[in-house]
Amino acid sequence: MSSIMELRDVTRCFDSNTVLDHVSIKVEQGSFTALLGASGCGKSTSLRIMAGLDRPTSGEVLLNGRDVRGQNAYERNVAMVFQSYALYPHLTVAQNIALPLTMRHLSNLGRMPLLGSFVPGATEARRTIMNKVVDAAKSLGLEELLDRKPGSLSGGQKQRVALGRALVRDPALFLLDEPLSNLDARLRIRMRSEISSLHRLTGKAFVYVTHDQTEAMAMADQIVVMIGGQVAQAGSPRDLYERPVHRDVAAFIGHNAINFLEPGDGINAGDSIVGLRPEDLTPNTAGSLSAKLEASEYLGSEIMLSLRSRRGTEFRAIAPGDYIVPTIGSDIRLAYEPQRVHLFDAVTGKRKSGVKHEAVT
Amino acid sequence: MSSIMELRDVTRCFDSNTVLDHVSIKVEQGSFTALLGASGCGKSTSLRIMAGLDRPTSGEVLLNGRDVRGQNAYERNVAMVFQSYALYPHLTVAQNIALPLTMRHLSNLGRMPLLGSFVPGATEARRTIMNKVVDAAKSLGLEELLDRKPGSLSGGQKQRVALGRALVRDPALFLLDEPLSNLDARLRIRMRSEISSLHRLTGKAFVYVTHDQTEAMAMADQIVVMIGGQVAQAGSPRDLYERPVHRDVAAFIGHNAINFLEPGDGINAGDSIVGLRPEDLTPNTAGSLSAKLEASEYLGSEIMLSLRSRRGTEFRAIAPGDYIVPTIGSDIRLAYEPQRVHLFDAVTGKRKSGVKHEAVT
Amino acid sequence: MAGAAVILLPFVWMLSLAFKPRDEIFSTSIQLLPSRLEWSNFIFALTETNIPLFLWNGTVVVLGILVFQVMFAVPCAYALTQRRFLARKLIFGLVMIALMVPFHVTAIPIFLGFAQVGILNTYWALILPFIPTAFGIFLFRQFFAQLPSDLFDAARVDGLSETAIVWRIAFPLALPAATAFAIFSVTTHWNDLFWPMIATTDPNLATPPRGILYFRDEESGDNVGPLMAAAFIVTAPLVILFLMAQRKFIQGLASGGIKG
Amino acid sequence: AETEIRVHYAIPTIWSDTQQILSKAFMDKNPDINVIIDGPAESYGDGSQRLLRESIAGTAPDVAYVGLNLWRVLEDRGLAQPIDSFIGDDPLLLGYTPALLSLGRYKDTQYALATSASTMVMYVNPELVKKAGGSMDNFPTTFDGVIDLAAKINALGSNIDGIWVSPHDWRFQSLLGSYGGRPMNKDETDITFDNVQGITAAGLYQRFSKEAGMKTYSENDARQAFPAGALGIMFESSSLQARFTEGAGDKFNLTVKPTPIASDDKSKVYFPTGGSAIVMLAKDKVKQQAVWKYMAFVTSPEGQKIIVENTGYAPANSILIEDKVYLGDFYKKNPNALVAHTQIANYAGPWFAYPGAEGVAATELVSASLVEVTEGADPSKEMKGLAETMRDLLGMK
Amino acid sequence: MKLSLEKRQTLTNLWLVGPATLAMVLFIFLPVAIVAVLSFTDYQFGAKTFNWSWLDNYIKLFSSSIGRRAITNTLIYVAVVIPFSVGFGLLVAMGLFRMGSWAPRFSNVLKTVYFLPIASTLVAMSVAWQMLLHPSLGLINQVLVAFGAEPHNWLSDRGLVLYTLSMIGVWSSVGYNMILFLAGLAAIPSELYDAAEVDGAGSSWSRFWTVTWPMLGPTTLFVMVITATNAFRVFETVATMTRGGPAFASDTLVYALYREGFVYFKAGYASAITMVFFAFLLMLTLLQFWVIEKRVHYK
């Protein structure tokens, strides 16, 4: 596979503020790449640079191996789906989806509402466009909505219209900027799989920006974790979950925030910081770690325990839903599997590899 | 324990629109009651009736066993925290917290900015009030902010000021209307435990409105699930999770949306609808249920599987994080524990109790 | 409410006089209702005088001003919010300063300039000075600033040129603000007396208020019936226009950030 | 070829029909000249401002009717063209007496020709006079008598007024003339209305107000009140007669009385002549020829007859006054007009315009002072102060 | 040939903002500069030359009684219009706002009524007012007389005319202020009133002082500035009803600027009046910015 889009050593400064700092990202043909990071870390900026809506201060942008820094968004033929969908509120769904085609295939004159029909060729062009729009709408289940305006659509429908507008152009690359963040939790999960299947259907490369690690993990082949304008780690979801190269990456990945235990908290790992996920830590009378129970939250299938170590560090563990919670304030023991322990350098935060097993007692 | 607040058969109509339909809610002394329900189901209306900001069309409102329908909000001495905090933007934090006391202890004249100091007794009253305000601020960690105006506070800080304003009055009952819904996810989780500990600290009854089932589960002793202006079920979180009385309640409770399987989907339960939570359904080559795998989402500690039954019903199951996902489209088998199965009447949606075990093959 | 009655008083009186026959207008006793409806006042105003011409002049001037204002202000407001360039701050500063300059201040030099160019006593003299509308730019800017920039990025990705974005995306979206602005602009210039009194001397170019004055003087003040009828005819279009757009106007006011 | 000339006029109240008739009659006689009438200005004052403004803009008309006191403003700015060469050597033959010509002459050059004349007369509502116990046949001829009668009328009801005169330069000059005074000395180098005559004349305003309850109406207010029958006696220009007669309709039989003569020395009495003069503005030689034809027509007996019969103005051509053929029938039908024209014939005098660029502004000061006096300021102090201010303003020191 | 991306962008920007900027410079900034220069000359319209007179025009304006009258008249007019117009506007807005909940139709009708003066042509309405205020034939005096009160010369009494004009100014601006206040009232979250009730501020008096008044603060300020700015520019009513009279009793700055400049053609002097008028407005605007600056934390 060759890369379709590549940022090479891209830096972007706004005034004196360096927002992207020597970022290099490679997007393979047909892949699903997620840009993951906290708010303000430069995800959108990277995406906008890929799209041609913004320009790097230095570094190269390659589309299909060719430098495209001189081309604007339209010329690159990339499609972009925005966080707020950016549907044109005054146009119907059909017109929204058709707009990129209209701009391409009809002359200025031909676009006029009434006059347009007299321009030679305009009528056929219109018909072709309408066919494409209907095709795209069908593949997204939007046929019924073509005459509605975006204002009267639900979040999920809007989302699909935005996808339709991207789809209809048959672009080289899809760029999606947090397209699901405005939806409620249930709908988000449904749309997730719709986007995945769209990816499979088109076979085009997708670049997907999100700050929700669940989303990134669930959908992507490749996750690029960005922290403070730099690429912290790029790799497959399982890589990131199982072998985070930095404590910040570890803190970012995983449904439940990872616990960091320091020397003296009960796990002996030299002067390294120990990362241990709540789901890897269970109450067990034979466990090696002991801590004080501070609070418990019943979550149905499981129970989240808030604990405090001897040294006073707060951390969390997960018990199964049928666990009988002891009285608050009592000491309990917890067990974990040694291979689930991540070790990080206390100063740099970098992963310490190799030393893992022996360090655990 | 006796009940401090009770709604008895309360109905509230706006014009022809019945918003509350014979609602009865009992709030025990010192308890933490959550009103849980979808948007528009009448939670806020119930709360406002408890507070005395709204009046029932019919039914009784009892505070400490006495009918208080003739008393206004202030006379009932309840404290209320609003979703948007409802802080007075032109007053400082201290003045905001002090307002209820000022209204009580100072005459109209005494409240005047300058003149006030000449009214006999006003100065002492002011001093007492200030002391109480500082106390409340201390217990919420707001001492530093007393002279700031709400506009310059973060969401969490505003939240605490709103709590302070409620706290300072030493009310009989705390009413909270979705106080966390404006905060971001991480902060929400932190504030959750702050409110819980405040509840423990004051020992007063809290009534807490939310549409987030996680919040209700995590915080409350008693959850009142409201659906369409009626109380669908009231009970402890565990009750609701384990024995939902209605399929709508079951659908509402639980981190992952519950699966509903119909007759013919592979679980034999007569003409009942089978409710089975994803977390109770695991891939297992010896399992009794077979389905086609449609998609999988890697979530780190676990893998969410999207499946389709023979009859075409979509449903979900959860596999452990190290499960090796078969190729998409292949058939897999799933296992569940019989006692985890919920049966609901296909027509009324009511829980069928007793028949559960035998109906499962 | 009593206040409403006070507000209405001159309108009622105007109508009452407009319908009164001449001998009842100057009577020394109070009569609100005319003894008979006298349409002749209206017929007189519409046929014997230049009122229809004044209305036409008013329409031409007001629409001319509005169209040019929009054509100039909308692209500028768009660029000020949705594009980044060096002079942006400077130009916005200019707009803010211009906002503080009332028209009366510029009247003398503009009069001199127009005299030089020789376009006094033309429609252009009545239209041109009002084309730069700092208020309009400001209003539209406030409105565009609220629109997500994603929308415009999307349009760029879709292949719209900046000009196309302005007129096909930004302007249709700004219709509430545009309505509010249009009402402001139209009422201001329809009712303006100051500049027409200065820039035109030809009664054939008189806008409605100027025309009313000509009419009043022509009839020497004692032919009040037709005068009131004329006043009514001149006032009616705006009131009707306003009633039709009232909701949009208030909405636009609220959203356009006019307050504070 | 056809020549086009543009005509400016003011006070459409009086002139608008007349202008149409005049231009039509003229064009019938001169088919090669096309007369275009500009939209009128509301008053002579506005008219001359407009002419100035149009000259700044370069859109001035070719010929203009302007107030008799205002053509000097145009001359001052070089707009009015001299017309001596057109008049020829024997003006009297055309009916232009030296007196009439003097109204349009400045420094031995003729710039304007009078086209119509008016003086201030009293308009009386006989109904109110009767109600107040007065008599029309025995109508007072002194200011004291008039004030007496006005006081009685004023007492008739709270919305009936006795008398009114505008605090306006021209009205003041008229009252002043009745006392035999002049606003300026002969060579216009000093203000003279701060003498006894001036102070007494100004004092009339105060007496009207104090003794006869005169209200400070605006001109429009008064012109509405009089036809409505709410005002007993009104001093106004004789040119408004046609208008008022129409406005009064059947309500009362409007009657015109001459302004009282207050001075014993009748030779000193004069009433400033209002009305209009016509000036040539065109600079183009061909146009000037056409314009002169028009001016000559308007001032000819034929043109003057049209003006007199359609406005309340008195004629400004001696032939017309001397020869009964022209207006005998008219006066029979309009005894009120005869009263006015007789007053003009006996006492017509110049309407003084204050010299210099501030001349127009000065008249506003006169008005303001008259208001002061009306409202109780001491006439002597006020007029002396005003005279000082004006000497300053007009550069007379 | 295709221009580079940067050049294309620059051209686009120029095309978008150029016309408006040019028009602003041509019709606003240049004229302001010219007025400022003219105010130091004795230039007359139509004259071929002019002399520098430096501060003479200003001295004349401030030392002549007429000039001072115009300034004080304007200030009095503004001082009368602001409190009445803003006060009534607020009162009416609160009344209508409350009425909106129990009689929305009627409240809308009243809203429209109050807004009529703004939509109507002021000159035409001035003519109507003039009829109403006629000293002997006008409705108002006739009603006064019918009730046994003294009639007044509303527009020709020098002591009264300015206040009559002010009241007409109030009449024409109250509706506008009402709309602004209504917008302000609608923006007050109803939760604040609920909170106030829970906190014990339940009576309408304390509700007003605890919530309504402070929350309307920025709106009130804005309304005041708008009202003042518009009041400063009063021209139409003066020009139609009194022409500054009687005896300059209702002369205002803008009317004086019109009269001196375009009736007497004293361009230099009129420019000086313009500059003074401008200075007053500028001070007012700066005051607004200053006060708002102090209150930013409101939002």
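Read from first to last, the chains carry the letters A, B, C, D and E; within each, the first residue is number 1.
As a working rule, contacts are C-beta pairs under 8 Å (C-beta built on N, C-alpha and C of every residue); 3 or more make two chains touch, one makes a residue touch a chain.
Predicted, not measured: the structure shown is a model, and the values here were computed from it.
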- Message: Counting one step per pair of touching chains, how far is chain C from chain B at the shortest?
- Response: 2
- Note on the structure: Per the touch definition, the chains contacting both chain C and chain D are E
- Far-end chain from chain B, centres as C-alpha averages: D
- Message: Count the C-beta contact pairs for D-E and for C-E, then tell me which is higher.
- Response: C-E
- Round to the nearest whole Å and give the separation of the Cα centres of chain A and chain B. 29
- Message: Measuring centre to centre with CA averages, how many angstrom lie between chain A and chain C?
- Response: 51
- Task: Report the inter-chain centroid distance for chain B and chain D in whole angstrom, where each centroid is the mean of the CA atoms.
- Result: 90
- Item | Residues of chain D whose C-beta touches two or more other chains | 53, 56, 159-160, 220, 224-225, 228, 230
- Interface hub residues of chain B, defined as touching at least two other chains: none
- Task: Spell out, as numbers or ranges, the residues of chain C touching 2 or more other chains.
- Result: 26-28, 213, 216, 224
- Item | Listing of all chain pairs that touch each other, if any do | A-B, A-C, A-E, B-E, C-D, C-E, D-E
- Query: In their complex, what parts of chain E are in touch with chain B?
  - Reply: 189, 191-192, 194-195, 197-202, 206, 210-211, 214-215, 217, 297-299
- Note on the structure: The answer for chain C against chain A in the complex is residues 148, 150-151, 153-160, 164, 169, 172-173, 175
- Item | Partner chain D, residues of chain E touching it in the complex | 44-46, 130, 134-137, 141-142, 145, 151, 153, 155-158, 242, 245-249, 262-265
- Item | chain A contact footprint on chain E (complex, rising order) | 4-5
- Sort out for me which residues of chain D touch chain E in the complex. 49, 52-53, 55-56, 77, 158-161, 167, 215-218, 220-221, 224-225, 228, 230-231, 357-358, 360-361, 364, 367-372, 375
